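Both complexes below contain subunit A, partnered by subunit B and then by subunit C.
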Partner chain A sequence: MRLTRYIVRRLLLLIPVLIGVSVLTFVLIRVLPGDPVLLIVPETATEADIQQARERFGLDRPLAAQYLAYLGDVLRGDLGRSITTNTPVAEQLTRRVPLTLELIVYAMGLALVIAVVGGIYAARRAGRPSDHTARVAALAGNSLPEFWLGLVLVLIFYQALGWAPPPAGRISPLFSVPPITGFITVDTLLQGDLPASFSALHHLMLPVLTLAIVITAPLLRSVRASALEVIDSDSYRCAESHGLKDRVLLFAYLFRLTLIRLPTLAALVFGNLLGGSVLVEYVFSWQGLGQWALRGLLLRDYPVIQAYVLVVATFYVLVFLIADLLQAALDPRVEV
Partner chain B sequence: MTGADVLEISDLTVDIDGPNGTVRALDQVSLSVAAGEVFGLVGESGGGKSMLARSIVRQLPGRARVSGSVQVDGRDVFAMDAEALRQHRGAGAALCFQTPRSSLSPARTVGHQIVDRLRAHAGMDETEAWKAALALFQQVGIREPERRLGAFPHEMSGGQCQRVMIALALACGPRLLLADEPSTGLDVTLTRDILALIAAQAGKDRGVIVISHDLAAIAAICDRIGVLETGRLVEIGPTAQLLTRPTHPYTKRLVAAVPDINRVRAATGAPAGGGGPLLAVENADVVYRSRFGRQGHQALFDVSLSLRKGETLGIVGESGCGKSTLSRTIMGLIRPTRGRVMIDGIDLAGLGRSRLRHLRNRMQMVFQDPIDALNPRRSVAQIVADPLRLIRLGRAEQDRRIDAILTDVGLGPDYRKRRPHELSGGQAQRVGIARALVIDPALVVLDEPTSALDVTIQAQILELIRRLTARRDRGYLFVSHDLAIVRSICDRVMVLSEGRVVEEGPTDRLFEAPQDPYTRRLLAAVPSLSTVSERHAGNGG
Partner chain C sequence: MAVVDDLTHPPAKRVRRGGDGLIAAGSLILLIVLFGAVAAPWLSQWGPTEIDPIAFLEPPGPGHWLGTDGNGMDIWSRILFAARIDLGVAVASVALAVLVGGTIGLATGYAGGWVEETTMRLLDIVQAFPVFILALTVAALLGNSLHTLILAIGLINAPAYARLMRAEVRSLKSHIYIEAAECAGNSRLSILFRHLLPNALTPLLVIAPLNCGWAILMLAGLSFLGLGVAVPTAEWGAMISTGAADVVGGRWWTSVFPGLALFITVLGFNLIGEGLLQRTGQRR
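Coming up: the complex of A and B.
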């Protein structure tokens, strides 16, 4: 009951957040140099043609009027049409959000597993060679530019070894998967098409690995630091001095306490990933949200940028809500 | 009755390699503890008490080098392989950690923590272990044991956490129970109960070691006592003998430094109550409001007191009785919900921020934890100069005042440039006192000024406070849970219980003829070396 109230209260927070960011983006993109209308009219267009195009998109009206009209449309669920491609923005979003989400959820999951296992392993052997190896490896992964790392992985695993599929698309063209949820690994399973499912996972392999390698380092460092802190605490030392079995010590006295500090950092990393996956999307021709938004930004495609910002803001609020709930579940001292 | 030896330590030496060279933490320590015996280990911080306990469970820092031997039940602790060591930890010797609240695992219910130990050592299955855990909780005197099994450490009081800690150690079924400073942070009545509980665990198959800096507290329960000074066991013997005929100079100092409640305050020069009224608290209530409009917690009920210039008023009571709330209310840090606080006849409630700030040069406070109360990045001179910012002084005059006050508290101008981490606990508290006095306040609130200090240091600081209060030039409010200290310093005493004043009166009257049953109980719980040594002597020592 209290939990539901808490969640509702946090979700209500979305309203001021979304209004704030939408006003901000609305004004900022219009102040930026560059005019989308000039990019879409033919070179031979006269001043009158350009004015006509402006009117068509409502760009001739005062800023406040434009914003109110936009807000009205959004509340009715109409996110507008792309100025450059004339496709409905909402349709693009429903197609592309699951694409990118699928990519980053798997990457985040993989990174978390590596970071938690590696971080605790390193902390238990602090100062020994294996500890240094784990930390240096994570740091090296963090220092590589992700597009370069993606290309190297493609060269090795596709070109040289032939273990990975070509870096184009999410599934082998031999399969056709009608979208249900938009998450291809889920859809193939729902349709019971195991070979297609395998193919989808196969295509996810390299982009997920690339992203995971890049984001593992900060997570691993944080896990290692908090595991070290737990190992050095009186509560752990007390459990150890009472002769508990290794497994009990590890899971009941170290693991959970170590994880308590993780959700906040993980939420931050995960939130960044939604926009940060764009380079990897380009390398693997993923056609995801990031690629679409970047193109929209370069062409000053106002409706696209505005919709993208709303999606990212919502995503952050939800991710941090989940992180806070996880934290409260892990730590009995935290009350929601 | 005592039986076979469960612990045999011979020539134990522990060296710790550090950045500033090697420190000898323990130096050729030899001792033995028999089943059925309660052995006390006393000494001041840094004496090696905890290191000795850690050696017995072989949980030493990585850079420690050990020679000599520790045998529990005839088996050499430092020769054990990993599995033998795991079994030894707990079943051989189990340690009750100091500060139990932070030594219990925070995210696991105390019931699970007990069950973990029972399963590791007694080989019980889940159901048996929960039954045994319940029995243990009853044994150590935890109220509502069934409900408490499902509680987390942060939901329990300090005394309850200490009982849980004892239950955890007992769950391992140890041959030797080690209790490290079991009375830290507990008030007199709780300390007595906890120590009695620990002493009761000595039995046919079990010896007990109690480690403490507080000789008076543990003397009542120990058969023998060993005294550690900087890693060396300087004296060891039956309790009565050690208390009445200490041979080593350090033991003599320790015994002499124990504040004795039967020692009456020396007559002081000027008569008490000569000055005008300085502080008056009238019918103050303090209610802490909780967030979200839930029922608040009332910490003070209708408290009134008055203090005249030249007088020292003691405020005593157990933890949670409202002592700290009262001193903060007097300092103007908390506004009373009802009633008023008057300094020099001025009502604090009527003052704005800046007037209140200016009134601060009339009142100053000395805090409980001396090191924590000093900003670690500032030098002693800067710290002491802080209150002087309230009254603009010339550079030369300011320096003169700082030097004078540092000399007055027994430090001297040489300490000006030191930083808090370069000070011992006693020196830091002297700086705290200097900071409070430098502005020449009319009222000084001393909030447990010696409870974080070792006994011999405590005695020195008390001597300083005694010297200051004897000058009769200001009013002192002395907040403490230690009745013996209060008796030796204060003119009048006020006893607080659960936010209410239960008794108030001149010190000698209150100690000799307490009226309120609560005061009587409090007084009865105070350990006193003179009574302890009489009792041990009576038992044939």
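Coming up: the complex of A and C.
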């Protein structure tokens, strides 16, 4: 019961953030030079035609009136229609969000495994060569431009070795996957289409690896630091000097205590991934949320940009909520 | 207790704040990059946008050490000249961020009350914003030039510095030496700038190098997407972007070399930043 109340309270806090973010977006994109209406009317359009198109999208009204109308629509679940493609934004979102989510969830999973195993391994060998290697790797990973890393991986694994598919999309064009959940690896399995499933995983390989390498660095560093703190703590030293078996020490003490610190940073990294996936999407022609927003921005497609910012901000807040709940579950001292 | 501690902690475990080696390595890297940037005209026989009409997409060789791109421009020369832009934008934008963010943090932290509260909530909103949208918006608002990019990247970073400065000022404000300065009849401005600022500035400067590395990645990322410097200006991210089309044809040198330069430079900044964090005991 207390848990439900906590969750509800946190979700209510989402409202002011979303209002603030949406006002800022709304104003910022409208003061941008560039007029979406001029991009969709034909070259021969007269001043009256342009005015008419502007009225159709409500762009002739005062800013405040436009915002209130938009807010009303959003509250009714209507995110508007794209100005440039004239398709409902919500429909585009349901197609694009799973593509990007799939990418970042796999990348995050891989990064977490590497960071936890590597970080604890390095901390147990602090000061030795394997520890230095891990630290240098983390520093290097932090310095890598992900779009360049993606290109280099394409050069090696597609161009030179031929192990990876060409960096053009989500699945081989030979397969057609009717969407159920939108997550292609899940949909192909649900439909029992194993070759398509394999193709989807095959196409995920390089972009996931690219993202994972970049985001592992900060996670690895943090895991190593908290594992070191645990190892230096009195309780751990006590357990150690009681002669507990190495395996018990590792899993019941070091592993558990180290993980307690992880959710907050992991949330920060994961929360930034949805908004930051655009570079990797661009390299691999992923056509996910990031590329959709980029195109929307370049064409000044107001409803698209507004929806994108709302989705990213909501995702960010939700990820932090989940992290706090996880933290409370892992650490009995934390109360929600 | 101290004796017991010495027994249980062999000398190797004693707190030794390292970081000097990292700072030295990072400085060396940056000095080399800086030298390349300054001496660019003498280190290469080609100009950064000079076209060699008989060498399009030529692989690395004696004529063009690192090859040429699809426009017949010399990659080595472009990498050197690009260092001027990338280093310049990074340092200038971080300086701007420290200046703007630091001032906001200093003023609001000292003022307190609703001014502080309102400013911090506004910064919350700015920070919840997708970075690329923010960068592009600022860039598009003010026209697509180097100054704009510096402004965009600088302003995105400013909230972090404002937060840091505010936290520092708040903790310093209650110190007895500030009270003493107030009692001695110093003006508010003199307390802010002569007594609070010098003491509160250190943490901002410690994270500045890490931030420079991030700023270069940001600039290169924007250029990679076509939102940064205008073609054919030599900039690492823009060069990688042009080279990306050649990758599928197996012509690796147009994107790999500029990316290496970018990576090594960011690594230089990160080494210094990491070293500083270790020196100040914030990382081990």
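Operating definition for what follows: the second predicted complex is superposed on the first by the 331 of 336 C-alpha atoms of A that agree within 3 Å, B and C clash if a C-alpha of one lies under 4 Å from a C-alpha of the other, contacts with A are read in each partner's own complex, and residues count from 1 in each chain.
Rule of thumb we're sticking to: contacts are C-beta pairs under 8 Å (C-beta built on N, C-alpha and C of every residue); 3 or more make two chains touch, one makes a residue touch a chain.
None of the values given here were measured: they were computed from a predicted structure.
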**Request:** Considering only touches as defined above, state whether A:R256 meets subunit B (first), subunit C (second), both or neither.
**Result:** first
**Request:** Using the superposition on chain A described above, determine whether A:H242 touches subunit B (first), subunit C (second), both, or neither.
**Result:** first
**Asked** Touching A:A313, do we find subunit B (first), subunit C (second), both, or neither?
**Response** second
**Message:** Tell me which partner touches more residues of subunit A in the superposed arrangement, subunit B or subunit C.
**Reply:** C
**Request:** Determine, under the contact definition given at the top, whether A:D234 touches first (subunit B), second (subunit C), both, or neither.
**Result:** first
**Which superposed partner A:V8 touches (first subunit B, second subunit C, both, neither)** = neither
**Request:** Please work out whether A:V113 is in contact with subunit B alone, subunit C alone, both, or neither, and reply first, second, both or neither.
**Result:** neither
**Prompt:** Where does A:L28 make contact in the superposed view: on subunit B (first), on subunit C (second), on both, or on neither?
**Reply:** second
**Asked** Which parts of subunit A are touched by subunit B and by subunit C alike?
**Response** 237
**Message:** Please output the residues of subunit B touching subunit A within their complex, sorted ascending.
**Reply:** 57, 59, 86-91, 94-95, 97-99, 102-108, 112-113, 116-117, 119-121, 152, 154, 165, 168-169, 171-172
**Asked** For subunit A, which residues count as touching subunit B in their complex?
**Response** 233-246, 248, 252-253, 256-257, 260, 330-333
**Request:** Show which residues of subunit C lie in contact with subunit A when the two form their complex.
**Result:** 8, 12, 121, 124-126, 128-133, 136-137, 140-141, 213, 217, 220-221, 224-225, 237, 240, 243-244, 247-248, 250, 252, 255-256, 259, 262-263, 266-267, 269-271, 274, 283-284
**Asked** Where on subunit A does subunit C make contact in their complex?
**Response** 17, 20-21, 24-25, 28-29, 31-34, 127, 139-140, 142-145, 147-148, 151-152, 154-155, 158-159, 166-167, 225, 228, 237, 275-276, 278-279, 282-283, 293-294, 297, 305, 308-309, 312-313, 316-317
